[in-house]
Amino acid sequence: MVQGAQLGVFLVTIGLARDLINMNETNYIRGMRWTVITASVILLVLILTAWIREGLFREWKRYQMDYVELATGMESFSDGGMVQTREVYQVDLEDLGRIDRCISCHNGLENPFMVDSPQPHRTHPGNHLEYHPVTKYGCTVCHGGQGRALDMDEAFGRDFRFHWPHPLLSQPYIQSSCGKCHLAIYNESREFEGTAIFYSGKDVFSREGCLGCHKARGVGGILGPDLTEQGDKTKHEYSFQNIRGEQTISNWLKEHFRDPEMVSPGSQMLKIDLPDEDLDALATFVMGLAKPDIPFDYFSVEALREFKGERNLLSGEQVFSFSCTACHGKHGKGKDYTKYITGVPGILNRDFLRMASGEYMSFTLLKGRSNRQMASWAPDLSGWKDAEMDSILRFITDHKGIPGRIENQYFPGGDISKGMHYYDRNCKMCHGEDGKGGIGLAIHNHDFLAVASDRFLFETILNGRNNTAMPSWFDISIQEMTDLIAYIRSWSRTRGRDFGIRLLPGNSEKGSLNYHYLCSRCHGEFGEGDTGPSNLNRNFLLAASDSYLFETISKGRSHTAMFGWSKDVHGEERLDSQDISDIIAFMRSTVNQEWNYIHAGSNPGNASPGQQLFRSNCAECHGENGGGKEAPALNNQEFLSAASNGYIIGTISLGRSGTKMPSWGRGEEDYSALTGKERQDIAAHVRSWQRVRIKKDEG
Amino acid sequence: MDSQDRGNIQPESKVDGNRSSRIRKITKNFFLHIHSTRIHPDNLKPTYTFGLGIILGFLFLILILTGVVLMMYYTPSVERAYQSVKDIVFIVPGGRLIRNIHRWASHGMVFVLFLHLARVFYTGAYLKSSKLNWIIGVSMLVVTLFLSFSGYLLPWDQLAYWAVTIGSNIAASARELTDLIGITSGFDVGGFMKRILIGSETVGQPALSRFFTLHVIFLPLTLLILTGVHFWRIRKDGGLSRPGYQESNRDDQPGSEGRIYTWPAVLWAELAILLSVSAILLVIAFVVDAPLLERANPAFAENPAKSPWYFLGIQELVSYSAFSGGVIIPLLFLIFLISIPFIDREKQYTGVWFSGSQGLRITFYSLAVSLIVTLALLFVIVQFGWLRDWFPGMSQAVVMVINPATLSMLFYILWSGWVRRRTGSTRMASIALFTASLAGLVLFTAMGIWFRGPNWEFFWSRSDWPVI
Amino acid sequence: MKETRRSFIRKGAAIFALAAGALAVFTLLRQLVPRMIGQKKRVKVGKSNTFPVDTFTYIDEHKIYIYRDHEGVKAVSAICTHLGCILEIDEDGFLCPCHGSSYNRSGEVLSGPAPRALSWYQVSKAPDGQLVIDMTRQVKPDAKFLTT
């Protein structure tokens, strides 16, 4: 267009020039006069056109005239008086930093008789104007659009030509505007008329575990962008290069949910496989997740509280639903390692729950796993509170369904052969044929069976021993347990029981000194187990009665390195009742103490044969150097700091049913069993990848 | 002396009133007495001057008038500037048109300014007059460019904000040199220039306030004063240039035959030009809207971020080397321009377009040389990259000295030197250098306008640009 | 004697007038150069554990990237040394969207019109545990503030 005009100028000049060559003064002036006339005529025409266009035929003037006609034509009520003269009506909203001129065309907004009239004269639907009067809120703060414009297309601001970042919203996305002021994610909030889809989107958001990677209002993960002000983002801030459909924010969100990696290359977000209406609702919700820059008195109280960081405590199940389900699945199944970029472990998996101690889970939650999707959920990073961290742990462990403390001492009866069957299937891989021991303790030991009551056995088998290779067999039935105990008892005539023993009041400090001087040699510096079993172990100490401890310490255990400290010693090392009471007092004091490290514990395995074994058995899935290909990464520093040697050996032995991890203790179809020694060697090799010992509480 | 049929406008003695009244109409009026009472007919030929100077004057007048109207509705604060411009477009009656006129007039003024510069040069007008007028003209060029640039920021939209950000970074190009030498921490010339320009490290309210003040008061006043001196010098030097000009036949010499009285011929001509310029502007303003993108957002850079079109040549140069493209070459070009009337004093060439057929030939050859050399260099850098792509790790100092811009410049200078030796004339040499440089500038500007897309990569057309 | 005094006074007056005028002009011109306020030199960016491991995290306020791995933390300028645009991260390191300058992960220039490498800043820890980036102190690219 502009070039055309320039060309025209050039031609006219040439034309003029040609006319004026060989001209005299008179003709020159004549030529100029003609130019003057032509130019003036053009100018006159254009200026008159401008006057007419700008003055007479403006869109809003027409609408106002139509409205007056409509209103006076109605029998019952005439509102023609409201729109007397043709002028621009506007609302000056200083608080919101805008001017809305929508009412210049939309004259019938508050006229209840215009319900059936065509737009722009129609009455505003619903009772929204009662609570959001136009004089205080204007229109664009809910509807979007360009409030200052006076032409429909510019006011709607939808076409990219107008460069207006807030196009007019239509249903259902307009419901997102309600959310911007009224939404409370974590606190109770009322649902208003006309917000059904928005709140349905909120339900989807809380079910699908979005907070696993994203933060919203201070709570959530750090892997993805913070969504707290996502709804404030304009089209300019989204990249549409891979969006095939409608170039709107709502469509971007929906296509993003369906295939995040295609829409945002490099994204690690998982696909959300839901029907279209759920995705619509979720998009509406996300568009309403915002913190608009308007005065605080426009917000609802619940929203304000949340902005300030005050919120109610959520239950463990809610926390799980908000932040864990996206990766770990709604039933904790995890994600297949071969189908996704990186798999996700199933944390409600039966075998996982058997092996993982509270410390293991708590450490993993707090520290996350570097270079993996599992972020740190420490309260100051994730926004979840300490109580909620505990709730989530309890939610997970509650899946074991373990009742409280067992009180029965005896479990009489029981079928020995059935018990043997159970034993051979589950216990033999560590405790050896006939209970003679292997990588696990020898149960077939008279001294042991003489002090261990049925209750002790029951509790140990049911709860396992945290951070050792002894799993928690929480899904064992009472019948199976009775059979198993019967089988175990068949090895010895003795039958231990807990008897009330009156201990002298123990001094745990002296006990600590004695423990560290005498007991640590075998039981480990922190009682985590070395050549002897782990005995500063919570599960153990809760299961073992005082009599058990006293008897074991004082009398020892034949055929093991544990000698009786009251009986079999010579010279100064002899411990009397007071000493033993002190030691027991010290041991008991460690049950609920604060811990900062998870100690690796005992493992007599050898890393070099372990490396060979790893290569031939494990590398196929776990990667040559444990980097994790189709299975979790084992060389991960946080994992190695959370997992004790017992956990590793136990997991190898048990496998994880429901996943591709076979039970190397039992052996399976394609995978033959590994001996206890072999399993220990592999664990030693895995342990050799540890470079740092990460503390739970870092400064 | 001018009765020969040279295609000039012949004077006649009886047109409007008698001689003395026609003289007095001019001399007794404050506004009209800028004109001389008589004018040589050669100066009235449209194909001689194309009226470019007067078009510029009228464009300036239109800009002032529309500018005053705009200024009444505009608010120079970063919170309100954008919305005040929107209100001008939506609410102010005829505001859309006024804004469009103002914008297209300003672009037109820069464009016509270059045409005027070329016209004055090629007709050798500086040869007959004092050197001062040429220098004043060059200063007016700089002031106009700055006027346009300062006005560009005022709408405070994405286009404006990033264009000025780029411009301010170009102003800081001296940093490339100080960084290479390593003296930036103590002697940051680039940073100093940037601070003076935009009042801070990034474009913000200080920049807007500065640019607004410059744009509405300081620069227009400066331009007005310069215009006054410019016109006065023309009068003092005996009128506009024309073929056959000599000191003895100046406009203000008594008894000069063949002169036409200014009243009314020249006045009609000026009126015609004023109305034509207005009409054309109004047509364009009706049809094409001045652009207004989203509100300026420092968090989201436009990609590509382009300065106004008349600076895109420099922006292209700067993409090779900040210092040589942003400081050295523009400075050298300005120095060259200013020095033309000092170097070239061959008065015999004044007044004739291209100073005769030899000059015309040299112009064409220079055009060809410039096109070939510059296009070849552009081709190389687009197809094959440049030194640092072939020799990774090479210091930027080498590229600063050797890049398509410096090489082109070197070539033009050599060409001009060769012309000097061949023709023995400084006029021919300056024609050669001027043509080559101007053509080169046009080429680089065209490159920056049409062939550079996101990440400043080469694209044949806009439709090839990837969506960001 | 009269002549010398008069001419002396005349010269003196001229010199003084000139000096006063020059100083006035210079002062006026000096007014055009703004005072730079709000430029931060030593900035706090939060605790080290808020930064994901093995990633470059952008801090918008100060235009720097923070890099953290298991051993420690580094900080690098995100401003292209060519004309001041903000750099993006790509596979090789950093890329400038304005004219295509590219840098490797240590901030050295690989190609493009950038004249020099990126500056790495000294990282230290404040008593409250937050990381402090000192943008007046440059360090070598491999210098890391150890957090283990």
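By letter and in written order, the chains are A, B and C; residue numbering begins at 1 in each of them.
To be clear about the criterion, contacts are C-beta pairs under 8 Å (C-beta built on N, C-alpha and C of every residue); 3 or more make two chains touch, one makes a residue touch a chain.
On a predicted model such as this, the values are computed, not experimentally measured, just so you know.
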* **Per-chain CA centroid nearest to the all-protein CA mean** => C
* **Between the pairs A-C and A-B, the one where more C-beta pairs touch** => A-B
* **Whole-Å gap separating chain B and chain C, where each centre is the average of the chain's CA atoms** => 34
* Asked: Just how far, in Å, is the C-alpha centre of chain C from the one of chain A?
  -> 39
* Asked: Can you give the whole-Å distance between the Cα centres of chain A and chain B?
  -> 60
* Could you pull out which chain B residues touch chain A in their complex? => 5, 7, 9-12, 15, 41, 44-47, 50, 79, 83, 86-87, 90-91, 93-94, 97, 104, 157-158, 260, 264-265, 268-269, 271-272, 275-276, 278-280, 282-284, 286-288, 292-295, 297, 300, 466-468
* To do: Using the touch definition up top, name the residues of chain B that touch chain C in the complex.
  => 166, 169-170, 172-173, 176, 179-180, 192, 195-196, 199-201, 206, 299, 301, 303-305, 318-322, 385, 388-389, 392, 395-397, 399-400, 454-457
* To do: Spell out the part of chain C that touches chain B in their complex, as residue ranges.
  => 32-34, 36, 39, 60, 81-86, 97-100, 109-116
* Which of the residues in chain A come into contact with chain B in the complex? -> 1-2, 5, 8-9, 12-14, 16-17, 20-26, 28-29, 32-33, 35-36, 39-40, 42-43, 46-47, 49-51, 54-55, 88, 97, 99, 101, 148-150, 154, 163-165, 234, 236-237, 239-241
* Contact set on chain C toward chain A in their complex -> 49-50, 52-54, 70, 129, 148
